[in-house]
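Next come two complexes, and both contain chain A; in the first it sits with chain B, in the second with chain C.
Entry: the complex of A and B
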């Protein structure tokens, strides 16, 4: 009885609050944003969660979408994760790919931003432009470049270089022949190169906001470039490093566009070139027999895992301290 | 402690912007030299050249007899204090001060001893555990000075270190800084655009304008014998007054004609005017070396109209219009003047300085230059 009463009060209050919100000016300001979030995030999430509880296959909505099978898709996914070698490989690949690419992205971006800081203006501009190229190149073209670079026959750029240098005597199949590290190296390399530019831009603009007197002062006191980097630039870039790390972590977990092409073209091994998000895509749309229920369950788990990881990174790196209380007592 | 010598130093930036041009300047052992000039005149550039942050386009820089022109900043042993103090925001005060010593890889006890010594000297030893943003402006400025002094530099370079402080604090820190400098006996170059600061603190002042040194001398010299119209107009508050005049040489006497009125030229200038065959001059006189009289008593007085009165408490500044020009005169605390009243202003004859309108240089300087050229 008490429970029902409390519930009534709760809903009554919620309802009143909602009515108040929609009457207030705030709702008018927030409406466009809320609308977008609703249409492009909340609704798809609800649909995905729903689908993960149905046995939907081959997009046969009429037949399967109305049927609720509970957690069966989740059990299936965990069973495959522990028993199916392909899914195991996908899981392992995801971890390795995200960890290594993230490291390359953040350290590469930081290294480039700092290196260009110490360069002359012209050299710095040129260097940065080169590193932006992967970002500016269409995904298909960019993937094609690396497809030919790592191609397993002697037409592959890398193979032909190695052959010419006499380091090998027959072409190597990097992506399919050296498993898993060959495939991993290629996907980390290709995605790492694309992601570096993001960190580079964020860190470059952050460095340009550091008063140059700080660096001059250190220089007058005898600091080398390395000491300036370690003792002044990096500590002052701390928040930007946290931000870029978190951002890149989340986008790497969900990215699959380059991987999709590399796998499809057969440059890298299917199992060790596929990450979790590509696996979801393939399961839902690609393989002969598609299983949207299973894909949806894998997707829901992925969202949970990445939200957890995102929060964990922020926590570990002390994000709360970044959001400083406003100055003054207002 | 060293003697710093700049020998015809020029710095031209990319795009042809002139930082400083042909600067020669010697700063003596333990001297407090102020580098005074308006914004953009090249003061910071000069300082950075001495520190080694900029390399001169031409010319040489010496510390004693050592040519340091191509030496990197770290090998010059200079302490530098910036206008914005440039304290490292992520380090506590202790670490900020210790930083130069850390870079030298000194043992920890020695670092600690020296940081504490200098902190005590500057009375910031209670603040060592704070971050820069937890300090007041005056405290931050002391930390910046401590960081420059802790490495026991040969030369101390200060780039407008007081300009971020409020007026009252600035005046008290001014005296303190000068005492400290004298106590340590460290050769110091102090950049400022505040003429009062330069006059109050410096042993000598180097006035710099548009990248060139205009005059170097003790505060007394540059104030009383400005070499150019610029120097006269830059020093003093209010600065020197200027009036243009025609020269009228009547053989027996020389007169200066301003509009309808004429005054007798100071006698010490007669031979100079005749030697230089000067036709026009700028008459310069200081507001405090001029009196206001109800009628003309002297051949050096000019008539004018009271244009405005600015009470300053201790004294009054009377603005007077003479033939369309405004001049400012400091008069005593009590005055009985009304607006638009006609009065006579009478500069003290000995304090008048005459300048050449074409070059802006003082006539006695021009005559010396001419003599040198004649040899």
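Entry: the complex of A and C
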């Protein structure tokens, strides 16, 4: 009984808030964005959740979309997770991929930010531009570059370097032949390069906000670069390191576009080159008989994991501080 | 965004050492890009680092512009049509993201309304939402409203632009909010006291003041649309450069240096922005693109 009453009050307040919002000036500014976000973000998410309870296959909407089969897709996914070797591989790949790429991203970003700090302005700018390039490159071209770099024949750059150095006699198939670590190394490398720039940018702007006097005082006292890094820069960047780590963690769990072509072109093994996110996309759109119900169920579970981590991020980021009241209302 | 520099008394030799290390680490990236671009001007792929494989020629580019993807087979594609498709998607997304971002960014920077806090939380949460789950629902909507055969091409362009722009709205809003935050409130205050509406103030006073911000968001939206692979390959009825490369890199008949030329062509806007708009590149990257 209490629950119903509370619900009534809640909806009444929600309704009043909505009415007030639509009367306000602000709603006119927000309408286009809210409309797009509603139609292409929020409604699709609701549809995805709904589809996870239907047996939708091969996009046969007329035949399957109206049918509800309860949690069957979820049971199926958990069954596959424990019995199907390729889904097991995907799960393991996701964990390894996220953990390793996250380490590369955070430490690499930190390393680059600190290294450019000790450089002249021009060299620092050039370095930052080079490391921003992967992020701004069309995904298809970026994938193509690494496809040829790790190519399993002598046309591949890495193979030809190793051949010239005499370390190997014949080309190695890194992504398909050395399972799982060869495939994992490639996907971590390719995604790590994209992600490093995020940490680099955040840490660089954080370093530029550190009072110069601290570093000058340390220099006058004869501190080396290493001592300045360890005793001044890193302790003052602690908060930013936590922020970049959580943010990148979320991005890595959800990212799949930089992996798609590597798997499709066969550069890396299908099972050990696919992460959970890519598995969802491939199940819904790629593999011969597509199964949207199963993909949606795997997706809902991933959403639960990532939104839990997302809420944690908001807490860590000190969200209240970021949304301090606006200026400008009379 | 070169930040604060170290003080002048640092030693020159350690600086050189650090620069050498960073350069060594950057080598794979530089090599990878350089080899693809060089291959596009060579008769054979030069990705094996063999100087004798480099036989300079413009044939790849000439064939590409004639739309011939294979040396001997009679396969022809309309490459200019493909470039045009890519451009339409990128420009559409850029325009839409700029308009909505400028509107939303202003509201969040300057207005206190019911649910402001919730909308900001929503924007951050959406940014961290798994894209592959989203695509399944978006594809469902795509199929629900599919028009008759004659209009499918127009519909797919319209759909891709709207759907892809929606993904960039959270980031564009944050970017624009930052620019509006930098403008003193007093400038528009007098206009509002004189009885101008908020929309009028936004259009007449603020937009002209934040032209650099608008340029940054436009570039951000353009690159997002230009780079995209998943949305165009899933929804667009016509091929873009991304799809062209996807299907030609490991096609049996493909003439690889020609695909490298297509890749270089596709890379061109990125390179141009890096050469001529470095300041804008840093501006957009500060606010962060997902990755």
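By our rule, the second predicted complex is superposed on the first by the 267 of 330 C-alpha atoms of A that agree within 3 Å, B and C clash if a C-alpha of one lies under 4 Å from a C-alpha of the other, contacts with A are read in each partner's own complex, and residues count from 1 in each chain.
The rule we apply is simple: a residue touches a chain if its C-beta (ideal position, glycine included) is under 8 Å from a C-beta of that chain, and two chains touch if they have at least 3 such contacts.
Note that the coordinates shown come from a computational prediction; the quantities given were computed from them, not determined experimentally.
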item: Touched partner set for A:219, first chain B, second chain C, both or neither; value: both
item: Touched partner set for A:227, first chain B, second chain C, both or neither; value: first
item: Which superposed partner A:55 touches (first chain B, second chain C, both, neither); value: neither
item: Partner chain(s) touched by A:133 [first = chain B, second = chain C, both, neither]; value: second
item: Partner, of chain C and chain B, that touches more residues belonging to chain A; value: C
item: First, second, both or neither for A:235, with chain B first and chain C second; value: first
item: Shared chain A contacts, counted only where both chain B and chain C touch the same residue; value: 216, 219-220
item: Contact set on chain B toward chain A in their complex; value: 48, 51-53, 73-74, 78, 80, 82, 84, 86, 88-90, 99-100, 103-104, 147, 151
item: Touching residues (chain side chain C, partner chain A) in the complex; value: 1-7, 9-10, 14-15, 18-19, 21-22, 26, 28-33, 35-36, 39, 45, 47-50, 96, 99-101, 103-104, 106-117, 119-122, 124-126, 128-141, 143-144, 162-163, 165-167, 169, 173, 185, 188-189, 192-193, 197-199, 202, 223, 226-230, 234, 241-243, 245-246, 249-250, 259-260, 263, 266-267, 270, 273-274, 278, 281-282, 285-286, 288-291
item: Chain B partner contacts - residues on chain A that touch it in the complex; value: 211, 213-214, 216-223, 227, 231-232, 235-236, 238
item: Contacting residues of chain A [partner chain C, same complex]; value: 17, 20-21, 24-30, 32-34, 36-37, 39-41, 43-48, 51, 59, 61, 65, 112, 115-121, 123-125, 127-141, 144-149, 151, 154-157, 159-161, 164, 193-195, 197-198, 201-202, 204-205, 207-210, 212, 215-216, 219-220, 225, 247, 250-251, 253-257, 260-261, 264-266, 277-278, 280-281, 284-285, 292, 295-296, 299-300, 302-303, 306-307, 309-310, 313-314, 319, 322-323, 325-330
